[in-house]
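Given below, in the form of structure tokens, are the structures.
In the two complexes that follow, chain A is the common piece, with chain B as its partner first and chain C second.
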Partner chain A sequence: MESKVIVKLENVSKSYGTKNVVKNFNLEVYEGEIVTFLGPSGCGKTTVLRMISGLEPVTSGKIFIDGKDMNGIEAMDREVNTIFQSYALFPHLSVYDNIAFGLKMKKEKKGNIQKKVKEMLKLVNLQGYEKRLPHELSGGEQQRVAIARALINKPKVLLLDEPLSALDKKLKKQMRVELKELQQKLGITFIYVTHDQSEALSLSDRILLMRNGSIIQLATPYELYEHPKSKFAADFIGDANIFTGEILGVSKGLANVLIDDTFHIILKDDGYQKGESVTIVIRPENMNVTTVNKEYNLLDVEMKNYSYDGAYYTVFAKSSLKKDLKLLLTKEKFANIQNKKIWKVFFDFDDMVVIRGNK
Partner chain B sequence: MQHKILKNLFIFLVFFFLYLPILVLVVFSFNTSRMNIVFEGFTFDWYKVLFENRSLLEAFKNTMIVSLVSTLCSTIVGTLSAYVLHRYNFFGKKLIVKLLYIPIVIPEIVLGISLLSIYTLMKLDLGMFTLILSHIAFSIPYVIISVKSVLTQLNPQMEDAAKDLGANAFHVFWNVILPNLVPGIISGAMLAFTLSLDDVVISYFTAGPGSNTLPLKIYSMIKTGITPDVNALSTIILVFTLFILILVSIKQMRKIKKEARV
Partner chain C sequence: MNRIFKRLASLPISFYCLLLILLPLVYIFFLSFLKSDSYGGFTYVFTLQNYLKLFDVVYLKVFAQSFFIAFITTVICILISYPFCLFVNEKSKMVQSILMTLVILPFLTNSLIRTYGWMVLLRKEGIINTILLNFHIIKEPLSLMYNNLGIIIGMVYTLLPFMILPLYSSISKIDPRYIEAAKDLGASKLTIFFKIIVPLTVSGLFNGVLMVFIPCIGYFFISDLLGGGKLMLLGNLIKNQFLTARDWPFGAAISIALLLVTYLLVRIYRKSGGEMDDLGGL
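Take a look at the complex of A and B:
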């Protein structure tokens, strides 16, 4: 599918004094997709968003929105709108006036404004709330007003800065679904900033993983989870067992890795060099408990601790390795090992993601 | 039991000493005797005398003009200054903020003398103009501080949101910031008004002939003895102030009740 590029960042950098907050950012966002900027707090993700909205000037580089160079164009004249973390509703204005604000600034006709605000209220399910003041609304309702206030301007891109972080867990999940439905209905491009990896995974078409102002990886949620390109990506997205070791040797299409000086893992060869350091990532749900004897990649483990979340058991296990292993087991599998002292875990070729080098 | 009696007695004494002088003032405005010592009989005569006392009414008029004009000017200048100090960073900002407190803590007499010397230096004739100028000068810091405290409580993202929705700098201030500053502006203006209304020391130095204010007039009358018509004027001002206070509290009560319903 060939899509139009709606937002383009070319070598965008931002620094405060000598501190570089965003470094040489290159990105193309396609029309109608949800791109999430994901990263730990302070990684510069909000700064990138603010530069796109025009609230923060770029130090160097160029930003294009719908093909137009945004250099010198102020926030008020950009065809993007933002949903702020604190919603930033105007406390002295009613729901109606909050939503109408953007159109009033554009000097639209009163009749038009009335019609459009009504449509928006319907869209976000807030009919009958016109006269309420923001402080009379619940967190979720305030959130909807913020969404309506932004969308009424028909922005080319909607920027969302951690919009769900102030809501409780249940409301968060509900709003997540509503946001996605809204996006699909309207077809507006979303650029979404969050530090919550589960939010990013469930909401995005593509995730841009950031760290210290740089892009670590840009990929679909599936790609990012199944094939992280770095230790940081593997660690930040979902749970993972991560082992670092050194290639001892390669023969007959198999490579031998030594972990913690005690345990050998056999990998399919991928042109590894002797002495090369590799990181092996295995997701907890891919850790296989086995009773069948294999020739390699079998590790004796002993249960240390477990927790039950209703659907699965999370098991922490001790082995000869330095770090404890984390396994996600079904009830049946858990029943099999519950009363055994020592049991075996098998690392299958297909379950291991290998990251080369020390990234 | 004894504890409770003591507590009530204490509260009674506090209010007694607080309001006794005011009560005496009101009572003696209806006294037939010229002397504020013994109450001899009830009369409205002093109110009639008051409205015939040209110089006292003139002083009252001057006071109202000075207070209203200086309050208006200092509120506008103070509000804008508070916004600029809050919103923008510039060289020397911290120093300016610190300097704001000087007119508040400096002894009034020093401020009065310095204003007088400046006017003499600038060859300005003392009168209503210098009086108003002085009152504006000492009121501004109070307005700035009052407005600034509201500004710091505002959500800083609100301004970003307004810009994001297409508001220019003027609309950001006029449609978004200013309406939210109203409580701070009102309390700053009320502070400025009351300070200006009863100022004696600074006015003493900066007023000229023909710009006598009420506090100055009353102060000068002490030398010749205060007549009950001053009591009558004070009573009228008191009733007026009470009336405004009651209006404000009724409005506030309604607001609280409305909020309680939601």
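Take a look at the complex of A and C:
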């Protein structure tokens, strides 16, 4: 089933003076999906969101919402709503009046408003909170009011600007689940901005990874984690052991890479050229501790230190390579190596993601 | 140690308040219940006569006129201050501080002298009338002073900074995201002003109202100079009782009555849930 494009960005750029904050942005967001803009702070992700909402004008390019060109249409007239970073609930208005604000602007009938606010309060589990003022609510409750205030307008797209950043860790995880459930129930498109990669991985249908105002990669969480297309993507999403090396030669469908002038890694050939730079990414959970003797890709390592988080052991090990290795091991595997001074790590073909170049 | 230091540090201001504010007030209060004698003095006899005299039609009219002028002045000050403060608030920090300095700058000159300055501008042969006549915009010189208009011009001019300063302080504290959230929810500029900006600046507005309305009742020199002494305001009345009629107890009674009105205004505001953050609680 081909979904409808609900938000489309065409060559959208934004600059403040000579500083280009968003560069030539092209994106299509489909109806009913959650797209996350992920990137380090200052990468322009919030700016893109604000341009979609209309709070920030575009410098050049076009934004379409539900097929309509948004050029010249102000924030108040766009069929999108925003959940702001610290909610921006109106401090002088009660929970009821905050939630009803959008409908009052649309001049809906009082009876209608009452009915809809009641439904919303039920949806976000805040029945009986009508008369409270924002400062009388906890962070999580304020968050729910902000969600209700935006959703009551039935926006075509809900824009969320780091909505969970003000909450503590436990509440964050809970709200993450609630948000996703709510989204599935209502089928509203979410565009979600965050710098928290685990939030992005667990929430999104697709993640748009950004850096310095440009798109690095747009992919499903699985794709992005398993097949990052750049060193930056591999590094930013999850933990990774990253090695850069040079192809020494190719023969019989195998390529030989030299890393840090000491360690040879054999890769499946993918049309590599001699002398080409490659970046090899291995996730900590894919690092194999082995006792079997292989002919290639074995590295002698020595434990430096470890930590135990209840489910796994995180092990830092040193080797002939410059950077320490990070391994995520089960209890059984950890028991195997715990008392050995030197043990071996095996780099399997399937566990390595190879990125051409060293960027 | 800290507490001792705090006490010591607040000693001068406490002393100042006690000696120059509280003691004279107590004296005035005491005076207002005494009987005046015919030679500008008073006899130590308790009487409520001074207060009863306030309900004489002549004096009630003075109250009414004063409140009318003060009301008009306050409204005009509000109408000027809101757009001005919103305008300033949008500018860069640098421009903001320059503009606010310009607002405070007139304080460097004595307000009496500035009022004389207005006379030069507003007179029949004054600068404004001369310019308008020479450009043939008007045929007859306008009566800009020696009437209520003159008083109100003078009052608004003198008291405007007292409205701008607290209001600006309130407006600059509004989180811009409230405005953005309102826009996002479909509010027009006018709605944002009345539903978001005004409610969030009520404390600043009320402080401004107090700081304009009350002095406006008391600034006798403006009505003397720009009103030509034709209109009697409470300030003039009090001044006259002390300096001309030499009926100190009656002057004291009017002062106390004025104080009471001020107190009532604050009470009403507080009762309606207002806060006094900008003046640190009056």
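Some notes on this structure:
Assume the second predicted complex is superposed on the first by the 359 of 359 C-alpha atoms of A that agree within 3 Å, B and C clash if a C-alpha of one lies under 4 Å from a C-alpha of the other, contacts with A are read in each partner's own complex, and residues count from 1 in each chain.
Going forward, a contact is a pair of C-beta atoms (placed from the backbone, for glycine too) under 8 Å apart; a residue touches a chain by one contact, two chains touch by 3 or more.
Here the structure is a predicted model, which means the values were calculated and not measured.
Once the two complexes are overlaid through chain A, chain B and chain C clash, as defined at the top of the document. In the superposed pair of complexes, A:Ser53 makes contact with chain B and with chain C alike. Contacts of A:His92 after superposition on the shared chain: both chain B and chain C are touched. When the shared chain is aligned, no partner comes close enough to touch A:Leu248: not chain B, not chain C.
In the superposed pair of complexes, A:Glu136 makes contact with chain B only, with no contact to chain C. Using the contact criterion defined above for the overlaid structures, shared-chain residue A:Asn153 touches chain B and also reaches chain C. When the shared chain is aligned, chain B and chain C each come close enough to touch A:Met76. Judged by the touch definition given at the top, the superposed model places A:Ala335 against neither chain B nor chain C. Shared interface residues of chain A (contacting chain B in one complex, chain C in the other): 53-55, 74-77, 80-82, 84-86, 88-92, 101-102, 105-106, 149-150, 153.
Contact residues of chain B toward chain A in the complex are 155, 157-158, 160-168, 171, 175-176, 179-180, 262.
Of all the residues in chain A, the ones that touch chain C in their complex are 53-55, 74-77, 80-82, 84-86, 88-92, 101-102, 105-106, 149-150, 153. On the side of chain C, the complex with chain A involves touching residues 175, 177-178, 180-188, 191, 196, 199-200. Within the complex, the chain A residues that touch chain B are 53-55, 74-77, 80-82, 84-86, 88-93, 101-102, 105-106, 136, 149-150, 153.
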